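First the structure, then my questions, so here it is.
Going in written order, the chains are labelled A, B, C, D and E, and every chain counts its residues from 1.
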Amino acid sequence: LVRGQDSGLEGQIRIDGSNTLLPNSAAVAEQFNWENNRVRIPVRGSGTGAGFQKFCNGETEVQDASREIKSDEETWCAENGVEWMELEVVRDGIALYKNPANDWCECLTVDQLTELWQSGSTVETWSDLDDEWPDEELSLYGRDSASGTFDYFTEAIAGESGSIRSDYSGTPDTNVIVRGVRGNQYATGFGGAGYYYENEDDLELIAVDNGDGCVYPTPETIEEGEYQPLSRPMYIYVRLDALESEAYREFLRYYLDVTQETARGVGFYAVSDETIARQRERLEDAIAEYA
Amino acid sequence: MSTDTDTDSFDFDGSALRRKRLLGKAFVGACFAATMVGIVALIALLVDVVTEAWGWLTWEFLTYPPSRFVENYNPANYGALDTGPGGIYPALIGSIYLIVLTAIFTLFLGVGAAIYLEEYAPDTRLTTFIETNIANLAGVPSIVYGLLGLAMFVRALQTGSSLLAGALTLTLLILPIVIVSAQESLRAVPDSMRRASYGTGATKWQTIRNVVLPEAIPGIMTGIILSLSRAIGETAPILMVGAATSMFAPPRLTQPTDAFSAMPMQIFDWARLPEADFQHVAAAGIVVLLTILLLMNAVAILIRNKYNRRR
Amino acid sequence: MTANGSQTVSTADSSGARSDAAMTDNAPLGSPRVDDAVIESRDLDVFYGDDQALHGINMDIPEHKVTALIGPSGCGKSTFLRSINRMNDLIDIARVDGDLYFHGKNIYDDDVDPVALRRKIGMVFQKPNPFPKSIFDNVAYGLRVQGKDDDVEEQVHTALERAAILDEVEDQLDSSGLDLSGGQQQRLCIARAIAPDPEVILMDEPASALDPVATSKIEDLVEELAEEYTVIIVTHNMQQAARISDKTAVFLTGGHLVEFDDTSKIFENPESDRVEDYITGKFG
Amino acid sequence: MTANGSQTVSTADSSGARSDAAMTDNAPLGSPRVDDAVIESRDLDVFYGDDQALHGINMDIPEHKVTALIGPSGCGKSTFLRSINRMNDLIDIARVDGDLYFHGKNIYDDDVDPVALRRKIGMVFQKPNPFPKSIFDNVAYGLRVQGKDDDVEEQVHTALERAAILDEVEDQLDSSGLDLSGGQQQRLCIARAIAPDPEVILMDEPASALDPVATSKIEDLVEELAEEYTVIIVTHNMQQAARISDKTAVFLTGGHLVEFDDTSKIFENPESDRVEDYITGKFG
Amino acid sequence: MSSESFDLTREESDVGGFGDRLARYVFFSCALVTVLTTLAIIVVLVNGAIDFFAEVSLVEYFTSTEWDAINETSFGIWPLIWGTMLITVGSAVVALPVGTLTAIYLSEYADPRVRRTVKPILEILAGVPTIVYGFFALSFITPILQTLFPGTGTFNAAAGAIVVGIMIIPMVSSLSEDAMSSVPDSLRNAAYGLGATKFEVSTQVVLPASLSGVLAAYILAISRAIGETMAVTLAAGMLPQITTNPLAEIQTMTAYMVQVGTGDIAVGTVGYQSLFAVGLTLFVMTLSMNIFSEWVRARYREEYQ
């Protein structure tokens, strides 16, 4: 028993990589499957770093990435003869979550964020950040080091990728962060803004002040680039040799067709129409060349 | 009352024992309450799961693939969806296939090992060692088996995160229990049967195949099914091996190297998703899992009863 | 099964006073009314489910004497013994009819606590059954549960001495009671039974699991115990009964008490032919 | 334990030919050298671990006769029987010394396959032990494992007929062998044993679990079987041995063969006093 | 005498044939699989652990009190062991008294009919998949704890300990009940004969006499709690810390393994290899518990005549 329609296309497309981007790719895959039910698309979210490792090993066809490929990853791919291209598919803001019962902290400056999260931080209670805030112990959640979110966040806040205090609860699964913050009045954490929109009833956001006042991550602020330094584009990496497969080509076209809509559905922000048009062009060029 | 004896000094009605009797009553009360703890916990667990699942467990849930969108699971929305409802189907089939493969492997390995130990093994140090080893394997945490499956099947033997790797891992996990229960069944075959067979000039293998196994097989099957019902609920091993969570189509039994999803893994995924409604989805999945488990146990009990009646 | 001929006396008189009227036509042959009786059984019937194991037993057991119960296997000797300290209460299907007086009090009255009763009537079993505890703790156990535990030390020594085993275990009081030989274990069990100083000691074939040497030690001991206790002993060994008892009760198959008299009388000149046959080994 | 006095003959001569020299001083009383012997036992010792169950047994068993083995419990009758078809091999701790010839071939030679041997020497056990299969399959079992399974149908019928049970089971060949009465089960087991047409049939107290009627049927059967087979039967019933056997071997406690001779001689005029005592019931 | 007509020798007859000999080897290989499994477990764990300890000193592993292997900053196993211990001790506090009293009730007080129904019902608890306990903790136990102790987080050690405790009740009660039932009635009668009450017989005679079996059951149950994975992963959280607060979030060894196993970390890095070091630690702990339990049972088995 397989649901959906049989379009005649067949094949297997393995997707892995960013846990942040996972909901988007999974949603695209799910919808694609309803129209092409004989294409098998296992989607996993092992994290951007771990995903690149598999991708460059030839173990996956699509790599979800919440950052650009690093040079050592490029070297791996080259060593294994994996040729790729990058497609920008959604925009994300890293949001700072807080518990709805937290009525003191509306906004944090970038300096406060640095003080809070930097390696060796001595901030233990809310009052360490601001004297007027409760003298209650903070409980911190965040993504762990294999994630693009982690790389991006640490670079943006501490100025150095990977540098972060060690006593936070680091997980591969943003859901755990959400649940953690939801369950404790004095908790805060960082993760994809998309997860906030899936859980608006249980979570609230902390605005970020980058010197120009407090800004919340919203579609506008993220698309205008006002929500700084925590907004970023996210990509899928595509294997060129796999473009031979019709199912693969159709899937990628379909991805670009629906990603703006699914992105909103799972809580990301759509990339602009021009960007999508440009990605389409590049994809068709590559298809012309490799298929 | 006769007074010619010193009856009065006797404490016939045990008045001095009154405190002890109270203590005894309190103790029985405590024991009974303790017994109730387990039973009440079981009831609470079942009621909790069923109430959470109520209204979410539909025929569609059983027959449709999972979805990222929690609203797809809600029966109230079924009419308004542009795709289809969300469900557990690929994981359900994945679990069944996983169990079928595991059954085949354990039947062969478990019964083979039990036959060796009961019928062939000489009384040597090696045999004692094998038996002790089996007892110890039964106590190894299931996640360690997952690690073994990951390192040995997924990586070293290059099976990938496949149905095959999952089934092999579960096989090793339940093998000790299967062997021990199969040994018990073999031991229950009376020696007079074996002697009768040898006396007619049968070889050892003929005796085992024609006399011992047919007698022991109901007991062996009961043991295997009970072990499989443990395997079907195991999460940690298949999680380590890399069961997927969003599979649109079930794996194919003919392609054991397919990626697969399985019910416990799917339930784990749902249970940790933060949207509150996913709790209902997870509960619905649990009800399906428990129902299958119950069916397997019922089959095992049926086999055992049928077999016992014959004796 | 119905009580064949023996009348069941109704215990309407629940105050517990002995109803002497019951002591009439059903008394066994040669069973004189004993004046110093500690235990008086009146029309005692015992049933296991629907099977009747004892039929209307009437017997007066004298104080400070050894009374032996003999008879073929299954005739109800153990059953009778167990009904004296209400150990039958522990068998779900056992049911007792009739009366059994201990110092004139019917122990089957509702207000009697069997636990209190058993503190007066100790028991030694066929198979030695020491607890898996130290020798000392075995003997001290009864003292402790009965709250007689000041000066345990001394009482344990006295009990071991009276049970004629002190010499053999004096320097290993801390080792397990299970490490002793069978005969020693049985004397340990006797020490355990007498330590809390009961009045009556019931013994159910205490020597049947033992070798001849151990047996003769136990026999000597039983005779000595009679100086201070009332002893009721079941044995399947007629010579033993003849040697150590003052009174002998002969039960025969079906749970009937056939004759009860002085031991010398029973063994030399029994009134009933069946008893004679049994004693001379012609039957049973 | 050491073999008391009996010499163990070394089997250096491993070609398997019988060494007649062995047949000398250790022969039991009245054991003439039989010329038509099928089975010849020479100084056979059997041990279970360190315990010796048989001491230097010498015995020549004649063809197409019924040989009875009698003696008190534990004297080694079953042990001897089991060493004839090497069923002792199945007991881990059992060990055999000495020689046992079957048609002149020492069956304890290394090159003898016990399975092949058992196909020549069938066996019937004390407790009827039909397989939980249909009556037909029970009898066919031996045929099938021995690969003699052309024409199974007919052979099964013949065997059932010879075992004098065909009439009783003819129309229920498909029902389970376990549904038969004890006596029928035992005759079924005999049918199973004779179906593959062995030469010798060993029977270990085949009637001891049966009632008198069933027993007499089995006895009749044994006598008939001797026409075609060599039968060796263990029995604890002296009348039975006297009734049905041609030769009788008397074992006495400790695993010694004391006398072996024609049955009439043994029962009417035994040479050894101990055998006479045993036979007349004075001992054992 | 014509020994020719009898093909008793192996060469001539070969009745068993190749198949009979093959069967033996096939079955032996099946039995060998179990030994190979143990070997493979050890090789996999030790091999991975060696890679790990090439980078991380044993001293740090066993002395540091901070664990952040995923970010490759600190590698002290104690927080994980502490988390595991918190769950184990907590579940023991639930299961040992409850299980023991249940066993006493079933063995000494309950009607045989009650025993025959209650025992299998309790054993169902042991057959419920652990993932279901995780769900039960999140959806039932934690909300109750949050009502009783406001401020309790979504993930907390107490909820994990409670469900694991419930899960292992039947291990304690079943095995202990077996041990108590095998205490011979003669010991009970001895005590009754001395005027002991039923309470005294149960607690002073039966319980001590079955102590070895009861202890073995305890150890097995504790070993099971140490190795329990999914319930604690879902319920107790992902924060390795040494805390005495049962309502705080912790991480057990097993939950850490799930965290790494669900894939976020690059294969081959020190962080990844820590999986095997932790796995080995867990394996050694449970294995020694199991062997200890066997030893207790054998060593203190009472010899009843």
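Observations on the model:
Basically, a residue touches a chain if its C-beta (ideal position, glycine included) is under 8 Å from a C-beta of that chain, and two chains touch if they have at least 3 such contacts.
The chain lineup, named per UniProt: B = Phosphate transport system permease protein PstA; C, D = Phosphate ABC transporter ATP-binding protein; E = Phosphate transport system permease protein.
All values derive from a computational prediction rather than experimental measurement.
Looking at the partners of chain A and chain B together, the chains they share are E.
Per-pair counts of C-beta contacts peak for the chains B-E.
Per-chain Cα centroids separate chain C from chain D by 53 Å. Remark: chain C and chain E have CA centroids separated by 50 Å (rounded to whole angstrom). Averaged C-alpha coordinates give centres for chain A and chain E that are 39 Å from one another.
Residues of chain B found to touch two or more other chains are 17, 201, 203, 206, 242, 272.
In chain E, the residues that reach two or more other chains under the touch definition are 15-16, 197, 200, 262-263. For chain A, residues that reach two or more other chains under the stated contact definition are 44, 173, 176, 179, 182.
By the definition given earlier, chain contacts exist for A-B, A-E, B-C, B-D, B-E, C-E, D-E.
Of all residues in chain E, those touching chain D in their complex are 1-3, 5-11, 13-16.
The residues of chain E lying in touch with chain B in their complex are 15-17, 19-20, 23-24, 26-35, 37-38, 40-41, 44-45, 48, 97-102, 104-106, 108-110, 118, 121-122, 124-125, 127-136, 138-140, 166, 169-170, 173, 197-200, 202-203, 220, 223-224, 226-230, 234, 254, 257-258, 261-263, 275-276, 279, 282-283, 286-287, 289-291, 294. Here chain C touches chain B in the complex through residues 15-18, 103-105, 107, 111-113, 115-117, 120, 147, going by the rule given at the top. Of all residues in chain A, only 1-4, 14, 23, 26-27, 29-31, 33-34, 37-38, 40-44, 173, 175-176, 178-179, 182, 195, 198-199, 201-202, 265-266 touch chain B in the complex they form.
On the side of chain B, the complex with chain A involves touching residues 63-65, 67-69, 83-84, 89, 93, 242, 244-250, 258-259, 272-276.
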